[in-house]
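For clarity, chains are labelled A, B and C in written order, and residue numbers in each chain start from 1.
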Amino acid sequence: MIEKDIDEQIKWAKINADVLRSMENPRRAYWITFFICIAMMACAVTAEIYQYNTGMGVTNLNNPHMWDMYIASFVFWIGMSHSGTLLSAILHIIHADWRKPIYRFAEAMTTFSLMTAGFFPMIHLGRVWNLYWVLPYVSDRGAWPNFRSPLVWDAFAISTYLSASMLFLFIGMIPDLAICRDNARGWRRKLYTVLSLGWIGSDRQWRNFRKTYLLMACFLIPLAVSVHSIVSSDFAMSIMPGWHVTSFPPYFVAGALYSGCAAIITLFVMLRYYFRFEEYMTVAIMEKTAKLTFAIAMVWTYLNLIEFASTWYGHDIYAKELLIAKAVGPYSWIFWTMLFCGMVVPFALAVEKFRRHMPTMFVVSLLLNLSMYFERWMIVAPTLSMSHDPHQWDIMWPSIVQWAIVFGSFGWFGLLFLVFVKVFPSVSMYEVKEMVFHRRRLINEDAAKVYSRRARDRKDATGEPELEGA
Amino acid sequence: MSLQNIMENWSNYRRGAEEGGHHKYEHRWGMAINLDLCIGCNACSTACYAENNLAVVGKSRFAKGQAMHWLRVERYWDESQNKSSSVTPDYPEEGASFLPMMCQQCNSATCEPVCPVAATYHTPDGLNAQVYNRCIGSRYCSNNCPYRNRYFNFFSYYESSWPEPLNLQLNPDLTVRDKGVMEKCTFCVQRIRAAKDKAKMADRKVQDGEFTTACAQACPTGAIVFGDRLDETSKVAKLWQQHEVKLGVYKQHKQNPEKRGYRIFEELNVDPSVMYLERVRDTGI
Amino acid sequence: MSKNYRIKALFSDFDEAFGALSDIRHSKIPGISIDDVKLASPIEHPEIEEVLGDRTVHIPKLTLAGATFGVVFGFLFLASAQASFLVQPQGGKPVIPLPSNFVLVYEMLIFFGVWTTFFSFLFLSGLFRKRSNLYSEKVSLDQIGVIIEVNEQQRDPLKDLFKKHQSLEIREEEIR
């Protein structure tokens, strides 16, 4: 039996009511998570104040290890941001309508993980108060940033991506904000009135809206690919063994999609539970997301293995030595955990029984993201510990300050996300309406065909199928 | 204005290192380090600490690898050959090799293009300059240096490194760097500056041997030779020529084993300005 | 001096609204053209908009213009910044390095393309207007509204037409 993505008989009024209710009374687990996130953030703020006042040395960074968990987390969070917008845009263009109940929170995830990622280059700077020197502004001293530096490309790419994905999220939300406006009271009504920009659902608005949304989706797909390629060039543009790898851009993009999809599954399970969205975030949609994640996991696995193979058969002795050191050196337990969680665990997604069991999917998705975090760390740290000059080989483990800030970044992300889902509709109401409308229409047309065929064949069918309105 | 500037100088602005680049070099400061003469005494490193206001970080931070020595003497130990031999000479060769390692002032430096704010750039003197005031501490340059010769101010050292009255020993010709700034060997740029100013006042060219870097000055065996490679008569240019080491290549083509000159990691095409003369070993290790 | 009215009819279903619109299109009521009709709906529905006739959207042109501006401005901006900042020759690289400028120009293309699209959407789709008295919250829930401005003679035939198509509610307001 083919399971439906959504029950197409849901009334439109019920969709409105359910989603609007989600903004009012979540389960208690929501508030528990909320306060845990605040506590996590407090850890990071304390650590950052200490680091800011004392100097970067408190992170245990040293001469060969100039970068560590901050940059790994930066890449991790940027990667996480890829799935939401990219998948939403791709699935929009190919008319895969099962994206509709889940794309809103996925896009919010994109925006917030970008906002989290953006902190890390700042936290990691030695003199963060001069950060604005990276921006290309006209200065009276005639000084410009160095446009050759991949870090400047990062600044360009991330600001473009952040604004584009925020706009994409916002534009897609305007019709829903109008619904909220019509149903809210108090401060919420004022907020939604401003944000819905006077949306009344006229044909002119819808026509322009459709075109704008499509154009934005078309911009976002190449943009998202380019952003993570540029992040990968932070490494690939250098000459360090293990960083100077030609296959890094696709490898990073695949890794980004992978961790993003895993994060979508995590948040899917959480939101489904918190807001009682069982009717919208259905098991069938979870299955589709899981299958997609599995496919991406296999792409990532392939690119990972191809990177090892090209290093192994290549002539770069530094890189080969580094690869061996990764596998048997002091960081080897991280390396093997990453490979196990990234290449073996995703096979759980291929089992239907696991895909349909929410707690299992929650654990699996967390393991996948653990693997992706380790992957980023394995890219950053071992290269620095073992580069060209053997005199400067060193093993370094991050200090508690780094751990606290990285830990807190999850709190910050969680906080933003939880506030978002409480203030804004986390399921797109108008698009779920479209989804059920079109599906109802399709099913009715199919049924009509079946009936009419029967009518011809048996001459005993009775009339047209019921064409019920909204 | 700048558009006109681009149109007029387009081909000039598009020239890479292979065609000589955009610079017209006034000097190309370089070094020749004779490893045969190096005895690993660390006098060069000490002189550097004194000359360049390098912070003394203390035992625990040194152990963490946060030291600030612009010039480090790297020690490598070969496997001793004498263990199997029955005859023990009076002074057994333990195979210690010393390598004074400072910024190689690469002409195609990998640290330069990755700096987001152009805090490190190439001067018309052929030096790889670091502008402390411009540095924002992204530390990418250090990560991209194959020699790992860039040192980061992980802490503010002024109080701890030069407590009163030690602050009186600071060299007034250059700054004390605060936390969050990258620094590295400058070939004693303050001495270069002074010598150039003096020569300009006297309306003459800078002469070879007129000044030298702190490390070369302190070296008891004269292993470090510093000078201008563009000046044909300078000692350093002669040494480079004698050992057939060329700039601007990534592999020195020479057959004669007597020519001991080599540059470290030149196969990475970074084009360093420091030439090392290989050690002559009697034990044939 | 005849009065003008703005009439809004609400339908529970796209099929009924569609029927009413095609009747208007086929000039069942003299003097009313389909071009005067405005439709308000809770979902995006391209099929029903076909009956409204050809109404063009100008956003793609502006997007193209914005993206082109991004490319041209981006390259000139970068190149002139580099040519006026001659301290930059670094690492043996040219003053104006094309490969890295291409990367940045690519980002500028998208940056300007996205923002022009957004602003053209804001200005071309009739946002930022006060909701009229006829605005019904039911449109954002599940009903479809058809809005027409008519004069006094057309008013009653139009209302009858709407009623024929089982409209749930008809509102009108006088305009001058």
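The criterion applied here is as follows: a residue touches a chain if its C-beta (ideal position, glycine included) is under 8 Å from a C-beta of that chain, and two chains touch if they have at least 3 such contacts.
Small disclaimer: the values here were computed from a predicted structure and weren't measured.
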Taking each chain's centre as the mean of its C-alpha atoms, which one lies nearest the mean of all protein C-alpha atoms here?
A
Please give the pair of chains with the highest number of C-beta contact pairs.
A-C
In whole angstrom, how far does the Cα centroid of chain B sit from the Cα centroid of chain C?
64
Please compute the C-alpha centroid of chain A, do the same for chain B, then give the distance between them in whole Å.
45
Could you grab the centroid distance between chain A and chain C? Build each centroid from C-alpha atoms only and quote it in angstrom.
30
Could you pull out the residues of chain A that touch at least 2 other chains?
143-144, 146, 148, 152
Among chain B residues, those touching two or more other chains are 110, 113, 118
Of all residues in chain C, which are in touch with two or more distinct other chains?
81-82, 84-85, 88, 90-91, 93
Flag every residue of chain A that touches chain C in the complex, lowest number first.
11-13, 16, 136, 142-144, 146-148, 152-153, 156-157, 159-160, 163-164, 167, 171, 175, 178-179, 182-183, 197-212, 215-216, 219, 222-223, 226, 230, 233, 430-431, 433-434, 437, 467, 469-470
Chain A contacts chain B in the complex at 54-57, 60-67, 121, 124-128, 130-131, 133-134, 143-146, 148-152, 155, 234, 237-240, 384, 387-392, 394, 396
Given the complex, residues on chain C that touch chain B span 76, 79-96, 98
Tell me, which parts of chain B touch chain C in their complex?
2-3, 5-6, 9-10, 12-18, 21-23, 106-113, 118, 120-122, 271
Give the list of chain B residues in touch with chain A in this complex.
61, 64-67, 72, 74-76, 99, 101, 110, 113-118, 134-140, 142-144, 146-148, 151-156, 179-182, 265, 268, 270
